[in-house]
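Consider the two complexes below, in which chain A is the common component and chain B and chain C are the respective partners.
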Partner chain A sequence: MTELEAGRAERLPVRNGAVLQRYRDVLIALIAFAVLASLPMFTGSKALLDFVIRCSAYGLFATSLNLLVGYTGLISFGHGMFFGLGAYGYGLIMQRLGVPIPVAFVATLAITAVVATVIGAICVRLKEIYFAFVTLAFQMLIHSTILSWASFTGGDQGLRGGIPRPVFLGIDLANHVHLYVASCALLILGLLAMRQIAQSPFGYTLRMIRDNAARASFLGIDVWRAKLTVFVLAALFASMGGMVMALFVSGAYPEFAYWTISGEGIFINMLGGVSTFLGPMVGTVLLLLLNDTVTRFTEYHGIVLGVVILFFALGLRKGLLDFVADWFAHRRGAGEGR
Partner chain B sequence: MLEIRNLAKSFGGVKATNDVSLDFPDGSLTAVIGPNGAGKSTFFNLITGALKPDSGQVLLDGVDLAGRSPPEIVRHGIGRAFQVASIFKSLTVQETMLAAVSADQRSSAVLHKRFPLPETRDRAEHVMELLGLAGKRNRPAATLSHGDQKLLDIALALVLEPKVLLLDEPTAGMGPEERWRMIDKVRELWERERITVVFIEHDMDIVFKIAPKIVVLCYGRILATGTPDEIRSNSAVIEAYLGTEHAGAAT
Partner chain C sequence: MDLDALAGCLSSSACLVTQTTSGLIIGMLLFLVAVGLTLIFGVLKIVNFSHGAFYMFGAYFAMTAYQFTGSFALAMLAGAAGTGILGLVFERVFMSRVYGADVLMQLLVCYAFVLIFDDVVRLIWGPEFKSMGMPAAFQVMPLFVAGGVVPPYYLLLIGVALVAAIVLGIGLSRSRIGKVIRAAAHNPGMVSALGINTGLIYGGVFALGGMLAGLAGALAAPVRSLTPGMGFSVLIESFIVTVIGGMGSILGALIGALLLGLIRSFGSQGFPLFTEGLMYLFMVIVLVSKPTGLFGKEAA
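On to the complex of A and B.
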């Protein structure tokens, strides 16, 4: 068989592959949800369930950041502002308007979309380091607005007094297990939606822009518009993460909108790796595990985390899941060679 | 037909393109030659929208495209390949082709379907086979040889089904044998696809052998246009550029 015939032989499977891949992803998501949702039946550990809820909040946030960093090559240092915006938007709507939870949820997403469109329109024109700095500047702007507008946001005290959790459709988020299952559902739905974005024609447009934006524009792609679109989409999922966090702690605090949240997002992506879709999810679990265990043993947990980050950045030169993926690719390559 | 009318562009005091007017009839094959700094690449950049001309017109089938953005100009049917292969290094050959067809079919912003879309398949397939890249479809572009990367760059321009294809030094950085293979490919493309091809080339043997029409640029101006024989015997060209070696070959 010549090389050309070998190429032709692969034609059909590739054509169907795109559709099959979608079914596979939905199946994996269903299984993952079933496993997570059944966890309360096997364990009474509130700490474990809490851990998964926090992973949901940070996982949504970190994976959405990877849409920018890994898929589009936009290194945002201010992505955390949308996490904070989600938490505050949801908390304020619930506290002040007393609407049903799904309404507050959708309204918060709508607000995030508007804010992200305005900020994105300014930022995505900028190149590399300028983009990073200006997103960071907007993050600080939102953070200081929250601090200084105390009558509305509670200032440095945050939104206190709890966020009401009225029952809707038989779901009572004041019940810990209900809250847990709802968080898992949001995580899985969010990941599935982001996976779809990453594997859509638009997802490949993002990869083209990351590799060579000038060439993409010579193929007729409106680079600015594509960047703005992904900036807004990523903001929506970050906002979703913030809402899960606000639901979990029943409040919203200025730290949710501080630049360190963006920094943690970058950390998570470095830990887990940006070349695979689930890298940031792995990074999230790693960082939260590290955080929880290290803080138990030493008050200098910052130093320990720093060393771990340096190990991944300088030692492995990639995230954990990148490493695993490369290893598998290498092994498969070696196998074919034989 | 591509008509260039009084095109001009200056950088500071340097007139990189100075009052250039040229016609490229449909289905023609033209070589653009000239010494380094003659303004060949600037000329391409002005036509494709990478640079905005100071004045002049770029008429494609009567529509003036001068000063429009690259995406707009591409959509009107002027495709281009670059001197240094401009490709997407992490995408495979096949993904590159499919994504380019998506862009051309205006489905590059589609979110709800999976890549690749079935309707992009045939065109991608056609161009990959035309350029002999089908056997390397699953190779990431970064792992291709220099020659294949140049072919992929041309394939990217070609898969958009342009009316006019501009090739900026398709043989740049290649050894003598590879050059001939590449240029045979270009000529084959031109004959099979019946599109207007304009290419920049430094190797005079190649130019005189395959190009039916040659444009000589010098200091941003047109020094001469004509068939290989006319160019070889043009005294201004010999003086400015060719030297006596090629002139001798013509007599």
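On to the complex of A and C.
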């Protein structure tokens, strides 16, 4: 694809190009963080800050799903299990062990890594639609486990009674602004890390596997291992999203591990577009905005949402950012022609 | 976990009969939904994510027809015919536009209609639980077989589903239309070149699939409660059935549905809270050991 060619041209003649791009990404991330973090100074609107926190949680989740769907061509229907795992893992560790927040954070990531390695090792052997089904089955297996293991997970009531938020190094996450800034920081850090993965040689290996797995295999790439690696990496970021969600609502509910979360993730990706890195982020903002406004105006938001989806699927036939990117490319192409 | 209850049930003939019939009921209803799903996948190569909506519409159509006419047979007919027409329109107007497109686009269109259909039902029939009620003809004493209770309606339900399975199986393998359908599944370009309208076949298969799901919904209406979104759990379960049985295989759908029905009814004895988990566990095991399902052919 064009992206692949661009990446190759960039890496071979001028190695500085990649470094330069990394600096540019870091710069953009810093500016984005500065803008987001200074938001509370200009507005006292709690609703707006809440909105950004929810965008952080879903954005991390959706972008990590794009690592699988868009970059590797692995259509996972069960990615939400790691969102749920993150929320439950973090909530349980905080409630039961009372450790500092960063410790619980890292421990949850470690648990996610182990679970994702086991599940991924089984799943990534399967191709296409079967991969989608087996991930869905695992998702529902985890959901059923959460429901039936009531003494540990609270069953269908979820983890209630609040998750403690002890102060750590002066950061008090019970304070709304602190929580907001911490969520933004996690979002930006997560996005930056995923961007590095996507632009690394490993990221280009993934694109090659997506486009032609047999060829990648002939070139000596261990396809199974590469797929498993990205499966685990994506799970880690999804788990991060789940933790942000658990921090925000101060609890964890079975819906976080239900398959609809995975469905929403796929939907967000389609809405924003899978061929650009920030597509899922755009999709997240779109979906949450849509959800919030539509539910305010009508109780039949399914119809409205459905029609919007149909517009994207049958009208645009691609995600919004894909559409914009294509449009720009087209215009630039026309300009050079003249 | 309650293994004693399971062992107790397995050793008592009354419980065995009751659980087996309830398993068969679940299985047969699932089969009717799943066989449509598997047909549509086999011929159109589309995973019809909105299939549960046809089951739901079948139930609601049947309920309304029953309220107006009081005739059970007409209710069944309304359920099946109504969803058949709906399936035809849905395929011709919307699904046919995304055949060449990405799998995700197809899923998205279906997902949109899941949302829309659920709200349409809420709009027309209201959000609350509805029930059709058992027709008077079946309000008779249940049969007792070896101490177990078997309501006569269950026998009718199993009978109808079995007839549908046999007609489908023979129709597809023996009749001319069946052969054309199988040919279209194999090589649509060639079939079209031979002067057969493949668009019509696609529409027909989708309508048939919708009709079977609608029939399942209509049959389920007297014994289940009706609510918007009722198609969803059925959809997920029939997905499991088609995956276990093998996508595109009718025999696989039958066996898969019966297995799943029995797992559900006996699982509810041994693992009351983990019944659903058992089904997914079973699906994982089948997928890992034989990704194409028990009766699926290797992907061509």
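By definition in this document, the second predicted complex is superposed on the first by the 324 of 338 C-alpha atoms of A that agree within 3 Å, B and C clash if a C-alpha of one lies under 4 Å from a C-alpha of the other, contacts with A are read in each partner's own complex, and residues count from 1 in each chain.
The criterion applied here is as follows: a contact is a pair of C-beta atoms (placed from the backbone, for glycine too) under 8 Å apart; a residue touches a chain by one contact, two chains touch by 3 or more.
These numbers were taken from a predicted model, which means no experiment stands behind them.
*Asks:* Going by the contact rule set out at the top, does A:Arg331 touch chain B (first), chain C (second), both, or neither?
*Replies:* The answer is neither, since A:Arg331 touches no partner chain.
*Asks:* For A:Arg24, select first, second, both or neither according to whether it touches chain B, chain C, the two together, or no partner.
*Replies:* neither
*Asks:* Which holds for A:Met140: it touches chain B only (first), chain C only (second), both, or neither?
*Replies:* second
*Asks:* Name the contact category of A:Arg160: first (chain B only), second (chain C only), both, or neither.
*Replies:* neither
*Asks:* Looking at the overlay, does A:Gly263 come into contact with chain B only (first), chain C only (second), both, or neither?
*Replies:* So A:Gly263 only meets chain C here.
*Asks:* From the superposed pair, tell me which chain A residues show up as contacts to chain B and also as contacts to chain C.
*Replies:* In chain A, nothing is touched by chain B and also by chain C.
*Asks:* So in the complex, which bits of chain B are touching chain A?
*Replies:* That would be residues 48, 50, 69-71, 74-75, 79-80, 82, 86-91, 94-95, 98-100, 102-104, 107-118, 121, 125, 128-129, 134-138, 156-157, 160 of chain B.
*Asks:* Can you tell me which positions in chain C touch chain A when the two form their complex?
*Replies:* Those residues of chain C that touch chain A are 47, 94, 97-98, 101, 103-105, 107-109, 111-116, 118-120, 122-123, 236, 239-240, 243, 247, 271, 273-274, 276-277, 280-281, 283-284, 287-288, 291-292, 299.
*Asks:* In their shared complex, at which residues does chain A touch chain C?
*Replies:* It is residues 69, 75, 122, 125-130, 133-134, 136-138, 140-141, 144-145, 147-148, 150, 259, 263, 266-267, 270, 300-303, 305-307, 309-310, 312-314, 317 of chain A that touch chain C.
*Asks:* Which residues of chain A touch chain B in their complex?
*Replies:* Touch list, chain A to chain B: 2-4, 6-8, 10-11, 14-15, 18-19, 21-22, 196-197, 199-205, 207-208, 210-212, 214-222, 225-226, 229.
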